[in-house]
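Okay, so subunit A shows up in both of these, paired with subunit B first and subunit C after.
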Partner chain A sequence: MLKVDDIRVSYGHIEVLKGISFTVEMGEIVALIGGNGAGKTTTLSTISGLLRPTSGKLSWKGEEIQNTTVEAIVASGISHCPEGRRIFPGLSVRENLITGTAARANNKQEIEEDLTLVFELFPRLKERIKQRGWSLSGGEQQMLAIGRALMSRPSLLMLDEPSLGLAPIIIEQVFERIVELNKRTGLAVLLVEQNSAMALEVASRAFVLETGTITLSGIASVLAGDPRIQEAYLGG
Partner chain B sequence: MGQLVVNGLALGSIYALVALGLLMIFNTVQIVNFAQGQLLMLGAFIGISGAVTHELPIALSWIITMAAMALVGIVFMVLVYLPLRGRPPFLVILTTIAMGIVLENLALIIWGPLPVSLPSPVHGTPLRFAGVIISMHQVFTFATLAVILLLQFVLLTRTRFGILMQATAQDLHTARLVGIPVRRTIAVAFAFGAMLSGIAGLLVAPIFLAEPTMGGSLGLKGFVVSVIGGFGNLPGAVIGGLFLGLIETFGARYISSNFRDAYAFIVMIGVLVAWPRGIFGEKISEKV
Partner chain C sequence: MKISPFLLLCAAATLAIPVFTHDGYVIQLLNIAILNAIVVLGLNYATGWTGQINFAQAAFYGLGAYTTAIATKAGIPWIAAPFLSVLIVVIASLILALPTLRLRTHYLAMTTIGFGEIVRLIIVHWEPVTGGTSGLRAIPGISFFGFGPQGQIQHYYLLLAALAVAVIVAVRIRHSTLGRAMIATKDSEIGAEQSGVDIVRIKLFAFMIGAVYAGLAGCLYASSIRFVSPDSFSGTQAILLMMMLIVGGMGSIPGCIVGAVALTLLPEILRFLGQWYLVLYGLGVICIIVLAPGGLASAASVARVRWVGQR
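Right, the complex of A and B next:
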């Protein structure tokens, strides 16, 4: 469904992605793992159209998207939940969720239905519906960021380090919800993580990114047992 | 005394409009537009071209001016904002100042240096309460400010597009990422901001006459008022505007009218000494 084909991306003169390739199939959870500065966020930003590759191809549902605008990519079903959550601090929970519908038609009824779905997934958000973004806890902000990403009705959800800075129990809740959503709706997920134990647990396949190159790839459960992974990303 | 209050509030309403236009743009792209006063002047002269030169009905002339100013706002965005995105702020500020000078000179070439008057869109006998006279133009000025505040509030908080505009203002990068058409939200902010200045021009021209150099001090006062109100805060800017209008009117009456334009800066400095973030400065937590 998503095919990343030998893309290279630079910031100025510095090449950060040195020709990486991978795919995400329909309904699949794929983990992209790598240390700080490996190029994970750059990979997601390139897929969502915020950055342009200097070479290589991106194809999505059979169409090339490396020159497509961010708005059109979101509208076509790829949703990006950014690193550090980045919810809008001065907007209420409800308004934050509404911003996720920007690339869709402004159909009030459909938007209300989708709000209901997000609130079913994260009841905590409904309790906080009128609260401003800045006043939420880290876990609530992460739920809100995921909810906002779901409001565009994606078929691929890209999550950039959703566990960053959250308590283990909250991380577990968030991952549980993501898996549930994937099972129930067939939503594909591209999950980026540094701390990979949980990511490898929920993913079917995984790729390891090191300084702009994919160095390992395979079945997630197999990779989880790989000594190189255990040493570098699972804390030995 | 009562008369001075009415006159002061009417003048202050105009400052408030200039400030609202300034903040519409500032809140969205974090650029202080120092040509806001020259946009006001342009609005006044477009109105005069319609209503006086071409003898159009004044209401029609207002509509044309508002539409033209919205367009001017978009041109302004294309000329000033888009080429300078991401550049150091002082460059952008200098560019807006330069645009103001260009506009002033263009107006001199097109309309000449002589002051011109624009009729008020409303006529009729002034209202009288206990010896205080409120002209129809003053009533209209208050009503315009009220309607614009209401419209702005409804646009920004009750429509999806307004929510997207607020999101753009709070975090441009994330706004892009979630699929907000930020070119469009920013264009609307510029169009609306220029239009508010234009309306202020249409309101001020029947009182003070219009001339190409009228923008400088009015633009600066819009800026002062925004600072007083806690830069970025819309109700604060309105209250700041009304406050400055009162100070100026009373100062001119009881102290000296020679210093009329200096009061603004004295007040600004006084306010900043007392409240460094402006009287209605935002809580820091909301800015993060």
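Right, the complex of A and C next:
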């Protein structure tokens, strides 16, 4: 469904992605793991159109998207839940969520349906529906960011470090929801995580990114047992 | 939106003012305050909600005023003047916004200051048309096919009606997709883009609707004050408009009105201080900014929470 083909991305003259290729198929959860500065966030930002690759191709549902605008990519069904959440502190929870529908035609009934879905997934958000974004806790903000990303009715959800700065119990909850959503709706997920153990547990396949190249790839459960991974990412 | 009894009381008091004073000077001052409130409400779209600094608002105000002044003095029926003023400011805002909206913060601020200065220089130097520094006098009054307000009190009610329309439009936009997209753009441009908001289009819209407010207020200014001069639309005025927005409370509709009215009336109230008035005026503005960083509107909501308790 999503095909990343030999993508190179540079910041100025520093090449951050040195030709990476991978695919995400319909309905699967794929994890992208790796240390700081490996290029994980850059990969997601390139797919969502915030960055332009210097060479290589991105294809989504058979169409090339490396020169498409961010809004058009969202409208085509790829939703990016960014690192650090980037929710809108000045808008209420409800307004934050509705803003996530900006890329599609505005149909009130559809929006209400989607809100119901997000509130089923994260009942906490419903309790906070009228509160402004800034007044939420870190975990609630993460739920809001994921909820907002779901409002565009994506077929691929890209999550960047959803566990960042959250208490272990909240991380558990957030991941449970993501898996639930994937099982129920067939939503494909591309997950970027530093919390590799958690990522490998929920994903079906995984890639290891090291300084701009993919060094390992395979079935997530197999990778989790790989001694190289255990040593480098799972703490021995 | 629920209409609170407090709001009704304010509206009633505003409507009753001419019953208590027939002083032309006071009413005239209030008329200018109302016009400023409309312009500041316009500024709030780009600056208060979308987070784009705009020092060109006074220039749009001036363009609207001069367009109406020149057109009606040339004999064009008044009813066409608002449309002409809007047309001119929309064109001007496109000329300013299209090349500059990708700029941010102080770069955008400098560009808008430059634009304001260009407009002022054109007004000052294009003497045969604009009257230069001495301005244009004896501008025909407001007239809807021969019917028009007579005297300042009738103008007062007409301008209040215009302000009411400006507020209603602003409230409607705030609670629409456009309004949410504006605030999303201010809060996080990347977050907004990733939610599918076309942020360049939103910024352009915020600038343009703000310019339209200024253009219409300018039109009403020219034909109710009946005199325009470049001083009323200078860089100082642009800074004053920004101050009204900050003092009132960025992003708050009541804040825009309170800020505009307060900063229009304050210099007159302090006039008895002679040349010292500027010192007190400056101190007052600094106090508000330091003590209530969110402006008078946020101070009011904090006070309400304290007295009435959280809603």
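The rule is short, and it goes like this: the second predicted complex is superposed on the first by the 236 of 236 C-alpha atoms of A that agree within 3 Å, B and C clash if a C-alpha of one lies under 4 Å from a C-alpha of the other, contacts with A are read in each partner's own complex, and residues count from 1 in each chain.
Here, contacts are C-beta pairs under 8 Å (C-beta built on N, C-alpha and C of every residue); 3 or more make two chains touch, one makes a residue touch a chain.
Because the structure is a prediction, the values reported are computed rather than measured.
**Student:** Overlaying the two complexes on subunit A, which is it for subunit B and subunit C: clash or fit?
**Tutor:** clash
**Student:** Is A:90 touching the first partner subunit B, the second partner subunit C, both, or neither of them?
**Tutor:** After superposition on chain A, A:90 lies in contact with both partners, subunit B and subunit C.
**Student:** If we overlay the two complexes on their shared chain A, which of subunit B and subunit C does A:182 touch? Say first, second, both or neither.
**Tutor:** neither
**Student:** Does subunit B (first) or subunit C (second) touch A:68, or do both, or does neither?
**Tutor:** A:68 sits against neither subunit B nor subunit C.
**Student:** On the A-aligned overlay, A:132 touches which partner chain: subunit B = first, subunit C = second, or both, or neither?
**Tutor:** So A:132 only meets subunit B here.
**Student:** Looking at the overlay, what does A:99 touch: subunit B (first), subunit C (second), both, or neither?
**Tutor:** The answer is both, since A:99 touches subunit B and subunit C.
**Student:** State whether A:196 touches subunit B only (first), subunit C only (second), both chains, or neither.
**Tutor:** In the superposition, A:196 contacts neither subunit B nor subunit C.
**Student:** Using the superposition on A, tell me which residues of subunit A are in contact with subunit B and, in the other complex, with subunit C.
**Tutor:** Looking at subunit A, the two contact sets intersect at 48, 50, 70-71, 74-75, 80, 82, 86-91, 95-96, 98-103, 106, 148-149, 152.
**Student:** Show me the residue ranges of subunit A that touch subunit C in the complex, using the header's touch definition.
**Tutor:** Against subunit C, subunit A makes touches at 48, 50, 69-71, 74-75, 79-82, 85-91, 95-96, 98-104, 106, 133, 148-149, 151-152.
**Student:** Per the contact definition, I'd like the list of subunit B residues that touch subunit A in the complex.
**Tutor:** 160, 163-164, 166-167, 170-171, 173-181, 285-288
**Student:** Across the complex, what residues on subunit C touch subunit A?
**Tutor:** 177, 180-181, 183-184, 186-188, 190-198, 251
**Student:** So in the complex, which bits of subunit A are touching subunit B?
**Tutor:** Those residues of subunit A that touch subunit B are 48, 50, 70-71, 73-75, 80, 82, 86-91, 95-96, 98-103, 106, 111, 132, 134-135, 148-149, 152.
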